[in-house]
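One chain, chain A, appears in both complexes that follow, with chain B as partner in the first and chain C in the second.
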Partner chain A sequence: MAVAALRRLALRGPVPVHAAIGTDALAAVDDLSLDPRISVQQSPRHAAILLVAGPLRDEDRSDLCRLHDQLPHPRATVFWRTDPAIQIADPPVVSVEDDAAATIASVYRSLIEEGRPSEPDLQPDTPPNPWRGKGDHGQGGEGMMGGTPYGRPMAMTGDDLRDGLQLDPYTAEFGPFLPVFPPGLKLRITLQGDVIQFAKVLRPPLPQEEQSGPSAALRRIARQLRLLGLTGQAARALRLASVGDGKAAGVRRLRRLVKWSGSGQAIPPGLGRVGGADVRDRLAAWWEVASGETAEARAPDRTLVDLLPGLEWSEAMLVLNSFDIATLTGMCPIEKREDKAHSEEEKDAPEPHDHDGHQDQMRGAA
Partner chain B sequence: MQAVAILSVLLLLLFGAWLAAILDRAGNALVAGDRVRTAAVRPLHDLAAHLSRQTTTTEAPDRLNWRLAPVAYLALAALGLSVVPLAPGVVAADFDAGIVLWGACEALTVVVVFLHGWSANSEFPLIGGYRYVAIGLPVMLISMFVLIAAALPAESLSVAAIVESQREIWNVVRQPIGLPLFLLLGLSLTLRGPFDYADSDDLIGGTRAEASGAQLAAWQFARLAMLASVSVMASAVFLGGYLGPVLPGALWLILKSGVVLAVLIAAGHLLARMPPSRMMTFIWTVLLPLSFLDLVLVGAELLIWG
Partner chain C sequence: MTALAGATIAGTAAALVALAVFLIGRKAAHVPTTDPQKVPLLGGGAPETHAWQRYHVRYYSMTLLFIAFEMEMMFMYPWAVVFVKEGAKAMVEMGMFLAILSIGILYGWREGIFKWQ
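Right after this comes the complex of A and B.
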């Protein structure tokens, strides 16, 4: 009785969806997020439906499996604009023309009403590394620090870039489905606190359609606004992007609203300077394009891995999302070796860290 | 009378959180240029959806602290609210140093939010926890100066005395810098908008990134309850609390708290968030000196006209 009432109530709210975005699907997912039947969640832990939108690379599949297993039960996967990329019994596949929100809503309904079983884990629920410890506490290192107990590297102190203090560096892989990254981008990042010490491109972003014009500019603006905590304004920008013409007045109003938010001052001046333009300049240029004017494009003269070290996480995300995807891809040269041999990737990290371990819980999401 | 007050505190938290959830949704829809579809039962839909999902766990979390953090957060909201007089003579915990207890709740909120991020044993929650401590410390300092300034005219640390000291003139008029600074503290205590350094979207939800199901629901409820608690405290300390003509005192307190709640939610939706290091500079070089100035001005005013 109580359970039935709970289900009825749950079904009256929007469906919590986490999107794993592949090729040419970013704009489509942005439009879908405006549907009142859907609520797109940043974390897979907050979602019931995993939406796989657009084709993925082969090497992204194991990340997708890990992401899938992070959704709480009951859960289901919907494939949109792509064939099923991972092994799931009876996966709903939605083509480009179909109403994705309706499919998602009906899958959610049958999931909650237990007509559809929750999907089991795709990967074994076992520790990712065997016991490799040495020493009194199994820590494998000297004294109480260092080593790789249970195959998990313990942080050793290293120099902080900013103030010369000795703090613990921490290395992990982020991407390719991290919502704050451009889709497909996978980085290995060494952090001290929230400051990036070292970054390496493992996989470049996936190509996305619609790279110019007012709508594309508004979508990029929306990503920046979300990073600044302006989710309502971001939704308004996406709605403007999804309509065809006659949005000049709407853009003007939105721009005023964003100006009042103090976002101009919130972004540090000189952040992510590339080709003479910083994040503020690039954002201003997008506003010009969104208003129907033209802005000159500047060729990047730095690579992404040069730009990120020394930035805090949130600054780095502002920088990362201040480029269109084609430009960013040009800034992400990767060495061939890394695509093939994952086990060899760790060699040139500044610390001897092999992070296939427990801190990678979020890596699928990440 | 005390039993009534304790019951009222719990009801205030419950309905305050409910109102906050409704206003929050309406505010977001307004800013988004969306149709405001919100309904009074809408928070129940979200709660039911959370409760119908599994509470997941991570590999080797600090389980005790992870499960306790939302409970402790809620407890701090209730404890802080308990020192506020809801009507003349009606207060759940009537003791002389009420404002100090509130200050302790603020400081412990930093600890609880950090524990929530730390105990999940995952990178984004941990970064959220770090960032919150870095920002939380100077914000608490601001709040201490502002609250001491509010206590000066009352010559007492009791919240009841502070309310009574505003019979002639509200503190918001006597010390106009105090209320905005206290509202910034409110945004920080409730992880909201420009001060949301713990649970923000750039960290995929930060300290709650790994929380799901009932645990996530508890954390979200605790955040909203703390918002209600801060609103009531702000209206007691700066807007004269239950003081007001015609209507009964408790109603005045609720009305004023509702206005503060709406202002906090609007600020959360309308103001942009700076990266943490920029905010840190802003707090230490602008906001903290402002809070000193507030204290000095109140002191001088009391010396001259007191």
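Right after this comes the complex of A and C.
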């Protein structure tokens, strides 16, 4: 009975959706997030529906499988403006013209009420590396560095950029569906604490439609406002972006509100300076464009991988989202493009000390 | 006798609560966590290393300074109450105490606590 009551409660609220955004779908997902039937979640853990919006690259499919398996049960996947990219039995597909929110709501209802089976994992239920160590309980070998608990090797020490202290760096591939990243961007980042030590572009962002004009500027402002914690104002900016003309007065009001909130001070001055303009300057230029004026475009003179090292994670996210997608793509040259098959396996990262055994294991698993 | 009865009732109640929590937890966790679910949120990417690792607590020097001054105050209040009665002995004791704490402050100075960065 209690479960039935919980079910009724779950159905009354908006549908928790996590979006994996592909080509030309960012603006559509932003508009969809304004729908009261939908609540777009920043984490797959909080979602019941995985919305795959827009076509993906072939190499993104395995990442999509990994993301899919992170949703808790019961879960379902909805494909919007794209063909099913991963192997799922009976996937709901929504075309461009259809009402995506209605389909998502009906899939959610059938998932909760009518016994639509929850989608099983797409990946095998095995740890990424064998991890049974020497100990009685399967723990690792000698000391802190021994073993691969739960299939993940322990971090080895590496130099910190700031003072050369040797502590444990954390290296991981972020993206291509990380909500705080521009869609499609995949980076390999090495962190010490929350400071980026090294970054490498694995895949550039996916192209998105509508790169200029007041609406596009407002959408970019909305992303930046969300990063600054002003989610309500971000939704207001998106609503303004989705109306046609006559938004100048609304933009002025919103800009004044954001200015008086003081949240602009959270962006450090001089952060992410490219072509003479920092993040604050670029945000100001977007406000100009949003209120119908023109702002001069500056050509980027630095690449993204030069820009990120030394920044804290929060600063790096502000920098990443302070460029439009076309400019950011221009700043993301993939090194050794001809050697594409191996570009994701090779490592230019500063080699951690005494990491050979683990490296071999990781390669073997890959 | 009543004290023993009270203890028995309290012990039984605690055991029942513990048992209930244990059973509810087992029932609620009937969906086993699979390995693909144990991956941290990286937007589709995968980590190369375990998340159990050491990083530098960079505010430690601030903590050192805070504790040095806080300990001073904690001892100084009761000391001020008995200072008149105890006289020179209390004065010497406080001098020793402050000398030890000021070593910590000097160490912090060497580490650059007082520089505003």
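As a working rule, the second predicted complex is superposed on the first by the 318 of 366 C-alpha atoms of A that agree within 3 Å, B and C clash if a C-alpha of one lies under 4 Å from a C-alpha of the other, contacts with A are read in each partner's own complex, and residues count from 1 in each chain.
Quick note on the criterion: a contact is a pair of C-beta atoms (placed from the backbone, for glycine too) under 8 Å apart; a residue touches a chain by one contact, two chains touch by 3 or more.
Predicted model, so just to flag it, every value in this text is computed and none were measured.
Colleague: For A:43, is the partner it touches chain B (first), chain C (second), both, or none of the two (neither)?
Modeller: Both chain B and chain C are touched by A:43.
Colleague: First (chain B), second (chain C), both or neither: which does A:272 touch?
Modeller: neither
Colleague: Is A:177 touching anything from chain B or chain C once the two structures are fitted on A? First, second, both or neither.
Modeller: The second partner, chain C, only.
Colleague: Going by the contact rule stated at the top, is it chain B or chain C that touches a larger number of residues on chain A?
Modeller: Of chain B and chain C, more residues of chain A lie in contact with B.
Colleague: Contact-wise, after the overlay, does A:315 reach chain B, chain C, both or neither (first, second, both, neither)?
Modeller: In the superposed model, A:315 contacts chain B only, not chain C.
Colleague: A:204 contacts which: chain B (first), chain C (second), both, neither?
Modeller: In the superposition, A:204 touches no partner, neither chain B nor chain C.
Colleague: In the superposed arrangement, does A:167 touch chain B (first), chain C (second), both or neither?
Modeller: second
Colleague: Under the stated touch criterion, which partner chain does A:66 make contact with: chain B (first), chain C (second), both, or neither?
Modeller: Only chain C; A:66 stays clear of chain B.
Colleague: For A:193, select first, second, both or neither according to whether it touches chain B, chain C, the two together, or no partner.
Modeller: After superposition on chain A, A:193 lies in contact with both partners, chain B and chain C.
Colleague: After lining up the shared chain so the two structures overlap, which partner does A:214 touch, if you call chain B first and chain C second: first, second, both or neither?
Modeller: Neither partner.
Colleague: If you lay the two complexes on top of each other, which residues of chain A touch chain B in one and chain C in the other?
Modeller: 43, 45, 70, 72-73, 127, 170, 172, 178-179, 193, 358, 362
Colleague: What residues of chain A sit close enough to touch chain C in their complex?
Modeller: Going through chain A, the ones touching chain C are 20, 43-45, 60, 63-64, 66-67, 69-70, 72-73, 121-128, 148-155, 160, 165, 167-179, 181, 186, 192-193, 358, 362.
Colleague: Spell out the part of chain A that touches chain B in their complex, as residue ranges.
Modeller: 6-10, 12-13, 16, 36, 42-43, 45-46, 48, 70, 72-74, 112, 127, 170, 172, 178-180, 191, 193-194, 226-233, 235-236, 239, 250, 254, 257-258, 260-263, 265-268, 312-315, 317-318, 358-359, 361-362, 365-366
Colleague: Going by the contact rule at the top, pick out the chain C residues touching chain A in the complex.
Modeller: 31, 34-56, 58
Colleague: Name, in rising order, each residue of chain B that touches chain A in their complex.
Modeller: My answer: residues 27-34, 37, 41-42, 44-49, 51-56, 58-60, 121-124, 127, 130-131, 193-194, 196, 200-205, 208-213, 216, 269-278.
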